[in-house]
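Presented below are the structures under discussion, each in the form of structure tokens.
Look at the two complexes coming up: subunit A is in both, with subunit B in one and subunit C in the other.
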Partner chain A sequence: MADPIISIKSLLKIYPPSTVAVDGVDLVINSGQIHAVIGENGAGKSTLMKVIYGLTAKTDGEIYINNKKTHFSNPQEAVNAGIGMVHQEFMLIPNYTVYENVILGTEPVGRFNILKKEQSRKKVRQLIEEYNLNLQLDSIINNISVAAQQKVEILKLLYRDVNVLILDEPTAVLTPQEIEDLFMRLKKLRDEGRTIIFISHKLDEVLDLSDIITVMRKGKKITTLENKNLSKADLARAMIGRDVVFTVKKDKASPKDVVFSVSNLKYKNEQGIKLLDNISLEVRAGEIVGVAGIEGNGQYELVRSIIGLLTPDSGEIKINDKRIDKLNILDRRKEMAYVPQDRKNTGSAQELSLVDNSIMTHHRINKNLSGARDYILSRRGARDLTDKLINKFEVISESKSQPIKSLSGGNQQRLIVGREFMLSDNFILLDNPTRGLDVGSIEFIQLEIIKKRDQGAAVLLISADLDELFGLSDRLLVIHEGKIIADKDPTKTNKEEIGAYMLGAEAGDYR
Partner chain B sequence: MKRQILTSAVGIITALLVGLIIMAVQGYPAFDSYYQLFNYSLFSKFSFFSTLAKTAPLILTGLSAAVAFGSNAVNLGQVGQFLIGGISVTAAGLYIDLPPVVMIPLLIFIALLSGALYSGIAAWLRLKFNMDEFITTLMLNFVAQYFTMYLISGPLLDKELFSPMTRPINKSGWLPDLGGLDSTIIISIILLIIIYFIWHHTKAGYEWKVMGSNEMFAKAGGANIDKNYLKIMLISGALAGMAGAMLVMGGVQHRFLKGIGANYGWDGVMIAVVADSSIIGTAFYSFFFAMIQTGAMGMELETSVPSEFVLILQSITVLFVVASRKSAHLLLNRINILLRMKNIKSGGGIKEDEFID
Partner chain C sequence: MNLLIELIRSTFLAAVPILLASLGGTYTYYADIFNIAMEGMMLIGAFTAVLGSFFSGSWVIGILSGIAGGLFTALIFTVFAVYLKTDEFVTGIALNLFALGGTTYFLRQIFSVKGAFTSSKIIPLPDWNIPIIENIPVLGELLSGYPFLVYITFLIAVLVEIHIFKTKFGLRLRATGEDDAAVDSVGIKSDIIKSKAILLSGFYCGLAGVFLSLGYVNLFAENMSNGRGWISLAVIILTRGRPLGLLFMALLFGFFDGLGLALQNTFIPSQFTQMVPYLATLAALFFYSREKKKSKGESKNESMAV
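So, the complex of A and B:
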């Protein structure tokens, strides 16, 4: 029953200068199955798919499609051959309608290039009904949810009648309910005889959905298994190469006085949309308060208001009963540590050395970094601080003067987190501190966060990762459309309940 | 640093070789021409001092551009700031006469101040109205050109002469001649040291460097972007203004004449680009370009290669240095990949920490 539709022989992909992303992988994808490719971030699974899909060129090796040696030099050729991919970042035009996005690039035209609108609309409508996608042809992409946008991406591929669908971490942006919905749809597609390649690093999902599971680690294929009697621990061991603890250990929190508080914070953007809608929250010394929510529900604006990059319309922000919302960024930074979500754009200057990246903010606060006069930067002080940071936070590096971009993502983030944690013991603001990191670095950073809490820091953790939120938080808030709509004890709730709140259900029982 | 020296050396040597071919193809004695080029710019006291005199203003316009570019401020107004610095010093030198000990520092102060004020206009426009300094500094160049032209053909015109220029400034404002060496180079070196110190040893300089690499990181880290930007623009303008003043206070003319220091402004921008905004690199390329410009006349005299040839030489130097900086990177990547493949195929495997995230 299972014919190989895609087979790959000793595929090699090296990113300049010398990063081996895919290291001699052999892989066979059979038609009519859901084939999961799992591995940690950096295992090479996305790169492997990009090579198959023609998005990036292979360095060496062979790809066979339907037993014929093939090489796609761009995604269009792949789509023509019946292979489509849904990326993590959607490729939709935000102010076009669903219908327009679906037909874009393959508009059916008649004489004089006139668009055959009725015919194509009918076809798109039929597909929507057939797969129960629940989309309106004329909704503007901007106005529909992320889950709906993902459906549009899938619809685009169905419209082009692809036989193989590659989905790159499709569940990362979805709530638990939406994930279930997606999985049902994928199984239906499989039952029709289509092939689905599902990339993920979430083990529960993979076990739930797939027929065949391929595990990758560090660019190599570790094993391919049939999804029968497999356990999460089996997969994790293959993925990581050792046994892993799924949640970091921590003692019960003993919260003390309120350190950080936000009251009645409001902000409207230029279009008059309420991005922060009367937000109030408190963080006590010695506790971690998590904020869950689907991205784009005000988390970004909340963080920017706290740090001083955005001026809210009204409301107060206090640290230790001192108002900080009128202070400049530097004066706020004297009171808090801040780990931003994008380490490349906000967390570091990629071209500059480890030293230059380690002393930011310290250079204005730490007396050891001043020379003979206050305006002089002590180079010895800067080097000492960097050494301390590298040792304490186990940053693997060759020299202090190498540019930070030459470090791996995990090591970059250790440096950034270390820099911030050495800054303040008072209030710590974390915005997705472990996003996109390897398991080792995630574990390390999460343990450091708990250590800080136990030393009495007030921690506000904003994250898109529910596992992280459940693992770390002592209290869990949910933000939806700029409002805090739930305040829960993570030990007394579950992902499904939080997921429902994230979608806006049962609003209004906070305080 | 090592890599910078290497790519510069590769770039310069390739440019010289290409220049050699160009001359040879046209039937000029190529080797002799190069010999004369260096002979008339380095090998005698007079020619070496001439090169230094040309280096002095180039260092300042080069630094002016390097400081700005290196901190993500696009000051392209060196030409205007240069002219304003020159004309301000001329006006002051015509109407004020004090003992040299007071006069010279006063004129230097006026030069720095007037250049800073002129670039300060562009900085103010950006901070107040968010106007891009890329445009405003360029446009202010024209304002400065026409304004100084008006002054030297009207209010400040030397009526005894037939072309637009002012009278020489009072002798008390002339920079001393040190046995044939123009003392302007000393001012340039002092300013070079000051800028180097600010850039590498002060907290402000650190913040500027970070702004040049990633402004958002500097901002989130607590650096006051607007204040830093203003300081950078003022310093950049002051340096260009001082360069303009040198041409009046130093040299032999001691007056502001039409077309004064025509190329210094843009040469400064070019030098900063070739030097990748490094302070030491700027000093080096200022000297290099001054050298070939100085030697050009001698070369024309001896081997009749047109002195315009050095313009070609300059251009290909810029091209090759910038190109070798980029291609060295690509080339190293390519070599790395080849080595890697060999290693993998021979079963050498890969080290743990070499994985992309």
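So, the complex of A and C:
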């Protein structure tokens, strides 16, 4: 019934010196279907797409487009052949308008290469209407939402009239409502006869959207399945090679005294925008409080105020009834563990060894790390701490002296989380602790978080991942434009309701 | 009255090299290349212009070789900064030092003079007398009889405005400056756009050099660009690269330059009068940053509308 539009034969991609990213993959993409390619981080799915799209050269193997052997040496050739890609990180010019971004690269010109806008503006406007994209031609990219920016990326491809759309993890930045919206649009495109390649590691979405699912693991294609009677567990088993628990098991929380509290925290930035608008919250011993919200609604400022990187205009922050908001960062760190969202720049020093990264903060607080004199570090103490950390948090590494950047993201994060969890049992501040990790590491870290809670720690979890928030939180707050606008029991709400709050719905708006 | 006319005439003349160089620099400004080599491009252009004019006896060859000198310097900058990915700042400094040392060396080698080289064999740019206007008193004196490059330069300012804001190249240039990866992703080679921007700046800085040595005066002197490349950089940053803004700022600088010259005949020591244009630049930067602070919210939106 469907014709193969792209077929790949024993494709091999080796990044020098010896990283095999794609290992002899055969794959057929049929036209007019939504074909999902799933796999953990590092499974090779993004690399495979980059090779098809001409962003990176293949090492060996063959690619056929419409039964013709083809090789793209740059994305323009792929686009000319009717294949377009929406990258995970958007490729938009932030200060250009929607219209300018769409025509960039295929600008219509008149005499002296002066831009001729009339016709192309009409065409772009028509496309916006036809696909119900709800965009304004002259909005500046910087001023529109992430979801709208993604629509601009899709619009760019439609303007170039591509037949095959490759989307690399398109839902990572969207709220549940926006995801639904996107899926409707993708299905419409498919029904028109276009082909969509959808890269993801979110199994629910893949099952919801795709016709065909290809699973990759460690650079190899494991299987290609039709999306009929498939379950999440089937896919996960294929993806990871073993059974995985999706919802981490936890007992009901038994919260005790208030450990951490924020009251009336306010902060305005230089433009006078209220980024923290009278925030108050409490976390008790033995409970995990989740904070949901669309990125940029004050989460970052909240975290930075707590850790001491930002001085709020007013308000109090207390740990165990002791005010910490006037303390310096080191004194605050004696009271709390902190896992930052930016693993590479804040959480670790990429060039330094595992030992150096393991003892960070400990080296100022833990007396075992200094010898007889306070200001000289004990090498043995540092090594012992690192060994303990590597064992307890199952960090896979070759040697303690290798730089942390040589570890996979999951192992880096295990080291960082481990370091922090060995620091404090009191209050734990987590800012997207599992972002971008493989399923195995996510599961491991989430279980450790629950263990900490059961030992009586107060945990504040900021996350962009609703699955994680629902899985871990005992209470779920929603932050919108710097305000906490909802405080819910996760067992008595659902993603749609939380999603509505994230978009700014008032209490009671949601039915 | 005569003094005023003199002042206005010297304003135009002093503005032209700044304007030409800063028009060139806008291209690199929009491509987000930190181009501090304008000073060197201008100096080499001024030297090769004199070389060409002296040996050929033709101002046309003078112009062409001046431009070639600017382009040559820009080419070196391009190879290093764009293709070898060296630091733009260090590369620029190196080129400026090379320009100063190189022109001084060749000046002494070829013409066996120190300081400045003058000769009646250096053919200057011809002056243009505008028909009709030249006969009107005052207005004729104000507008007519400049080296023809002066008139061309003001025309170029308008053309550069169109080139950057209305054409395909301009759209791609400004996009490259904002996010070159995004530009690459739509199939435009951003490195080529950057190279073109640097070469264009070399072209205009070379032309600025031509004007210095064949128009403004008719000689080559060691370090005759004398900081004008740096002033141009300040002017670009002040006006955020708007060509018509450059026109205004260049005239302002020219005015202070002329004022400095006019003050030389008074009791003020010449060392101080020579400082006037540079002090004016510092003052302008100061007021600019204060204004920016005052209207921070607004100016941010403004820059977004670029």
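Criterion: the second predicted complex is superposed on the first by the 503 of 511 C-alpha atoms of A that agree within 3 Å, B and C clash if a C-alpha of one lies under 4 Å from a C-alpha of the other, contacts with A are read in each partner's own complex, and residues count from 1 in each chain.
Just so it is clear, contacts are C-beta pairs under 8 Å (C-beta built on N, C-alpha and C of every residue); 3 or more make two chains touch, one makes a residue touch a chain.
Just so you know, these numbers come straight off a predicted model, no measurement behind them.
A.B. asks: So in the superposed three-chain picture, is A:L352 touching just subunit B, just subunit C, both, or none of them (first/second/both/neither)?
C.D. replies: first
A.B. asks: For A:H363 in the superposed arrangement: first (subunit B), second (subunit C), both or neither?
C.D. replies: first
A.B. asks: After superposition on the shared chain, which partner residues are touched by A:F112: those of subunit B (first), subunit C (second), both, or neither?
C.D. replies: After superposing on A, A:F112 lies in contact with subunit C but is clear of subunit B.
A.B. asks: Could you say whether A:V248 touches subunit B, subunit C, both of them, or neither, answering first, second, both or neither?
C.D. replies: neither
A.B. asks: Which of the two, subunit B or subunit C, is in touch with more residues of subunit A?
C.D. replies: B
A.B. asks: What is the contact status of A:G409 with respect to subunit B (first) and subunit C (second): first, second, both, or neither?
C.D. replies: The answer is first: A:G409 touches subunit B but not subunit C.
A.B. asks: Looking at subunit A, which of its residues have contacts with both subunit B and subunit C?
C.D. replies: none
A.B. asks: Can you list the residues on subunit A that touch subunit B in the complex?
C.D. replies: Going through subunit A, the ones touching subunit B are 12, 14-21, 23-24, 41-42, 59-60, 218-219, 307, 309, 328-330, 332-333, 338, 340, 345-352, 356, 359-361, 363-364, 369-371, 375-377, 379, 396, 408-410, 436-438.
A.B. asks: Okay, in this complex, where on subunit C does subunit A touch?
C.D. replies: 162, 166-169, 171-172, 174-175, 178-179, 181-188, 296-297, 300, 303-306
A.B. asks: Show me the residue ranges of subunit B that touch subunit A in the complex, using the header's touch definition.
C.D. replies: Those residues of subunit B that touch subunit A are 201-207, 209-210, 213-214, 216-224, 330, 332-334, 336-337, 339-341, 344, 350, 352-357.
A.B. asks: Would you mind writing out the residues of subunit A in touch with subunit C in their complex?
C.D. replies: By the definition above, subunit A touches subunit C via 74-77, 79, 87, 90-96, 100, 103-107, 109, 112-115, 140, 142-143, 156, 270-272.
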